[in-house]
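Chains: A, B, C, D, E and F, in written order; residue numbering restarts at 1 for each.
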Amino acid sequence: MEKWLGSLKTKNPQEGFELAITLAQKGVQYTQPSEKIRKKLRPKYSTNAKSLIAASQVIAINFQTVAAANNYWKKT
Amino acid sequence: MEKWLGSLKTKNPQEGFELAITLAQKGVQYTQPSEKIRKKLRPKYSTNAKSLIAASQVIAINFQTVAAANNYWKKT
Amino acid sequence: MEKWLGSLKTKNPQEGFELAITLAQKGVQYTQPSEKIRKKLRPKYSTNAKSLIAASQVIAINFQTVAAANNYWKKT
Amino acid sequence: MEKWLGSLKTKNPQEGFELAITLAQKGVQYTQPSEKIRKKLRPKYSTNAKSLIAASQVIAINFQTVAAANNYWKKT
Amino acid sequence: MEKWLGSLKTKNPQEGFELAITLAQKGVQYTQPSEKIRKKLRPKYSTNAKSLIAASQVIAINFQTVAAANNYWKKT
Amino acid sequence: MEKWLGSLKTKNPQEGFELAITLAQKGVQYTQPSEKIRKKLRPKYSTNAKSLIAASQVIAINFQTVAAANNYWKKT
């Protein structure tokens, strides 16, 4: 796969949260590389509450990693 | 998306817990940006015990991050 | 919501575990504020093994946070 | 509830793992206090692979807490 | 139960991963002590993708613990 | 099993993420050693949104471990 993740460092928490979303999506993409299939699945899971909560959970786990990597964006 | 997360710092644990709830909700919103669709799903998952427990779990994971970012609100 | 969480500090591990239970319940309450609806759901999930295990998992995650906040109640 | 958790300290990793099991069980007991109901559920979930894996997961999460509390039983 | 866990220390990451598998299995064994029943469940869950992913998740959680206990096998 | 995991150290975050994927896959392989059976399951779970999200979650958990092992690839 081409380069997509250069660093876990972000300027602020919100960009960190958005990086966590990217990580969650990449976990799916590596498992299902076909964009066509992923696009077909989208209307279903994005209108299913349980899937949305599950997606939010994967984001939360990745956000823990990104936040730790940024020392929680604490001003030093 | 507009700016919604400036800092992980909160004044006290309860505000930290409420920030964790916001993070859990944002994970859903980024995955399903349509407010209309999210509102339609709400009556279903909010009256389903398994979904409520799953939502509480995502909040718990985000609360770990927020609590660590605030050094657990320990008085120093 | 009124004040319900003043501190993550507890006198001992058991009170910490009980605070973790409160946090798990609060995650549900914020998501479903109606006490009436929550009470209606209770007989179902509390007699369902999978839901009980899921509830125990949310408690376990919150207990990690509370235990860390108390430095694992280590005597110093 | 009577006193059941005095300390997270254990003599060795195996006792720590067994404490993690106790914590997982207590999470269930606080949610469903009736021993009668819990016993009725046991034959079902204990012969269901998904439930057994879910139970093992709650134990694993609690074991993280107990292991950290014991500094991983490292000899100092 | 007889002694099965003497230490969380392993010689290298791979042995650590294999210890994580043992921990995941032990979580199941403590919950369902009958080897006969566990063997009967095996053909089903080991050919079910969702169960295999769930098993891999429990291993991943235990591997976090084992890796931390070994300071990630960093050369000092 | 032959040697497959020599170190948790990677050159950069992306390789770390890819190692996390390997760990997630190995968790499945140890549980179901038959490559033939695993290949048969692939078309199903890789076109199922819930399974893909679950797989991404296992990757996220393993990525936490790999990231910590690499001190989040911080430049020192």
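We adopt the following convention: a residue touches a chain if its C-beta (ideal position, glycine included) is under 8 Å from a C-beta of that chain, and two chains touch if they have at least 3 such contacts.
Note that the structure is a prediction, hence the values are computed from the model and not measured.
Contact with both chain E and chain F is made by no chain of the assembly. Look at the CA centroids: the one farthest from the centroid of chain A belongs to D. Two copies of one chain, chain D and chain E, touch each other, and the residues they use overlap weakly: the shared fraction of interface numbers falls below half.
In this assembly, the chain whose C-alpha centre lies farthest from chain C is F.
Separation between the centroids of chain A and chain B, computed from CA atoms only, is 15 Å.
Mean C-alpha positions place chain B and chain D at a centre distance of 27 Å. Residue numbers of chain B whose C-beta contacts span two or more other chains: 48, 50, 54-55, 57, 61, 64, 68.
A ring topology is adopted by the chain contact network, closed into one cycle in which each chain touches exactly two others. On the side of chain C, the complex with chain D involves touching residues 12-14, 17-18, 21, 46-50, 52-57, 59-61, 63-64, 67-68, 72-74. Residues 1, 3-8, 23-28, 30-32, 37-38, 41-42, 44-45, 48, 50-51, 54-55, 57-58, 61-62, 64-65, 68-69 of chain B are the ones touching chain A in the complex.
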